[in-house]
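Order of writing sets the chain letters: A, B and C. Residues in each chain are counted from 1.
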Amino acid sequence: MNFFAEALQWLVDPANYVGLNAIPLRLAQHLGFTVVTLVIASAIAIPLGFLIGHTGRGRSVAVASAGAFRAIPTLGLLTLVALSIGIGLNAPYIALTVLAVPPILAGAYTGFEAIDRRTIDAARAVGMSEVQIVRQVEVPLGLPLLIGGLRSAALQVVATATLAAYVADFGLGRYLFAGLKTRDYAEMLGGSILVILMALALEGLFALTQRFVVPRGVLAGRPTDIRTRSSRPRPVMESAIEEGQKNVHSK
Amino acid sequence: MTWIWANLDLIWDRTLDHVVLSVPAIVLSFIIALPIGWLAHRYRASRGVILTVVGLLYAIPSLPLFIILPIIVGTSTRSPLNLVIALTLYGVALMVRVVADGLASVDLDVRQSASAVGFSTWTEFWQVELPLSGPVLLAGLRVVAVSTVSLATVGAVIGVQSLGSLFTDGFQRGIQAEIIAGIVATVVLALVFDALLVYAGRLLMPWTRSRAATTVTDNAAGSVSTAATPASENRSREIAR
Amino acid sequence: MIEFHSVTKRFPDGTVAVDDFSLVLPSHKTTVFVGTSGSGKTTLLRMINRMVDPTSGSIDIDGADIGTLDPVKLRRSIGYVMQNSGLLPHRKVVDNVATVPMLRGMSRKKARDEALQLLDTVGLDRSLAERYPSQLSGGQQQRVGVARGLAVNPNILLMDEPFGAVDPIVRAELQQELLRLQHELGKTVVFVTHDIDEAFLLGDQVVILRTGGKVAQVGSPGEILANPADDFVSTFVGAERGKRSLHLENHGAGDVLVDGDGRLAGVLVPGSKAGPLAGSGASAQGGDPR
């Protein structure tokens, strides 16, 4: 556990709070990069996902490509792009946007798909136009799954942004690679802790958001909740006497 | 291209390294996730705790985990064992939720009728709940397999050899073909694993292939699932009405 | 008045849901389409608000061909009540009822005020207004559905098996409620059901459909019962089973009505109360001793 004490010491060392390698600066880089990537990816993926979800067209293509993207190794994509367009920040931006699009896309269209068809049918039957159906019915009801997609994209980006330090002088990943190179455990461990904390903070933030954006009416009577609770209290058949006693006790 | 033809041996060796890293992680994560997922499904109290913990575990970025883990478990950073443990952890984190969801997806009527005809908790789990949640588990395992194969490449930056070594090596020496070969080999390996899992699923769960092909078999899983079909059909008809 | 002129609907997969259907649905009356699944009754209903467009033929509402109207505008002028209510789960009851008036540009406040009045009309307590649909019982949801259908004060009300998913007791309640409403409001109601008893109870005009969207018989409940067009109809309405062929038996104390199986079906009372449905719906509803 000695290493952890050293890492903590490294984390509070004033020397690590000045200059180009300062912790706040690296944190801001990492976070800023994550946010920008998510915004770009969302701008591409959300409209497209809504279109797929609303029309049902292009769904099979989206599903297949999402599966294929999961198989593509992030490190490979990162190094390939970096080698093709040169070392610098552009490569991580491109690579990570590409990686962040599929989960957001999937969140957008599965959110629409998860809505009861009858609800949408009814909305159309009472006279909502297609745009109104999207804005007033599909978007609010599909929002929880969309946030879920953003959540996994964010985690993906934070993690891969750490790897991006392999091809660019940037973000918290720098500490990890510098520490690995010089066998400086305090630095790489301290950096790792920072990355993990950032990831967990984002995860918590998204978990909260996801809870908030579930429309209240949907939450109010969700039958799945009841079902989880009612999962059999007694799975085993016992003798009638024992069963009877249990009933007495439960009263 | 010339690089690839000249280095087929190297690609093959790294592929084998990759298999050695990822297969144990995939298998172990399935085995470990089963009891934990069952716990998460069975008791409400454990459900919240377990699902939160695996959720957070899954949120931890891979590279920091690869670095911290050896210090906790005492292996060397460059040891393949370190990577296998880390990959297993991710697999478990993914799979536990899938197991819990899969078990919950088994029709309540089926479960109740199973206990009503006299299955004990233990036999019901193995003969009813597990086989009937099979399709969900398989889907989850396919995700685990593909992401494990992809994630294993990251180990290259801490010095564990795998197909990922083709990325780091190719990047440092400026050989684009090497990186492309690594990407293609990784994707192909993931697809092979995926196909194997689908095939295994067909062998183990013949009743999912198609309704018409269902024959009444002696084994309990088969007969229970045929019994289950009308019930779920009723349900869907109710919804459709 | 709604008029179907030789309407045919063939779906892309080749199934013919409706085959050369022509009918006039009189204003301020209830027309019921009744038939088994696959008889095209829902398709017929959904053609009236252009949720489905016919493959050939045309439909006129008050003389105007609806094929020339904008579907969205048309739908906003027609009330629609569906099975399982079709309420928006993320909006409160009152906002669900106010949805269509607001789509038509009514202010939120006015729409909500009117929605509250509509809840009174359909017999719902105003305390339910701020609940979400999932917090209501099936019967209550269905009443909200009816209130929403009435929200723009439409001339036409389309009802697609609205009481199909509620239990028999609640269904009977809702049926009586609809009769009361219809007596007060006098809408042109088009109602789809697979329950012949419901059809005879609610319908001024009943259309019995057979598979493939062919009309088996059209008429008032009395006409159909008195003179079934063929075996299909008599089987469908239950005349064959003797359920509806009633006769008088003298039991000493007075005359009672007995059905073909010898079961007690009701008593004969002097004619003052008998409405247009006397002897059909009324007796079918009559006190079954079970």
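Just so it is clear, contacts are C-beta pairs under 8 Å (C-beta built on N, C-alpha and C of every residue); 3 or more make two chains touch, one makes a residue touch a chain.
Since the structure is predicted, the reported quantities are computational estimates derived from the model, not experimental observations.
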Revision key, fill the gap. Chain centre (avg CA) closest to assembly CA average -> A
**Study point:** Chain separated most widely from chain C, comparing mean CA positions
**Key:** B
Point to revise | Averaged-CA centre spacing for the pair chain B and chain A, given as whole angstrom | key: 19
Check your understanding: Taking each chain's centre as the mean position of its Cα atoms, how many Å separate chain B from chain C?
Key -> 52
Review point. Between chain A and chain C, what is the gap in Å from one C-alpha centre to the other?
Key: 48
Check your understanding: What are the residue numbers in chain B that touch two or more other chains?
Key -> none
**Study point:** chain A-facing residues of chain C, complex
**Key:** 46, 49, 51, 72-78, 80, 82, 84-92, 99-100, 103, 131-135, 148
Study note, to complete from the structure: In the complex, the residues of chain A that touch chain B are 3-4, 67-68, 70-80, 82-84, 155, 158-159, 162-163, 166-167, 173, 176-177, 179-180, 185, 188-189, 191-193, 195-196, 199-200, 202-203, 207, 227-232, 234-237
Check your understanding: What residues on chain B touch chain A, complex-wise?
Key -> 41-42, 44, 47, 55-56, 58-65, 67-68, 71, 77, 104, 108, 111-112, 115-116, 118-121, 124, 143, 146-147, 149-151, 153-154, 156-158, 163-164, 166-168, 170-171, 174, 176, 179-180, 182-183, 186-187, 190-191
Review point. In their complex, what parts of chain A are in touch with chain C?
Key: 116, 118-119, 121-129, 132, 136-137, 140-141, 215-218, 220-222
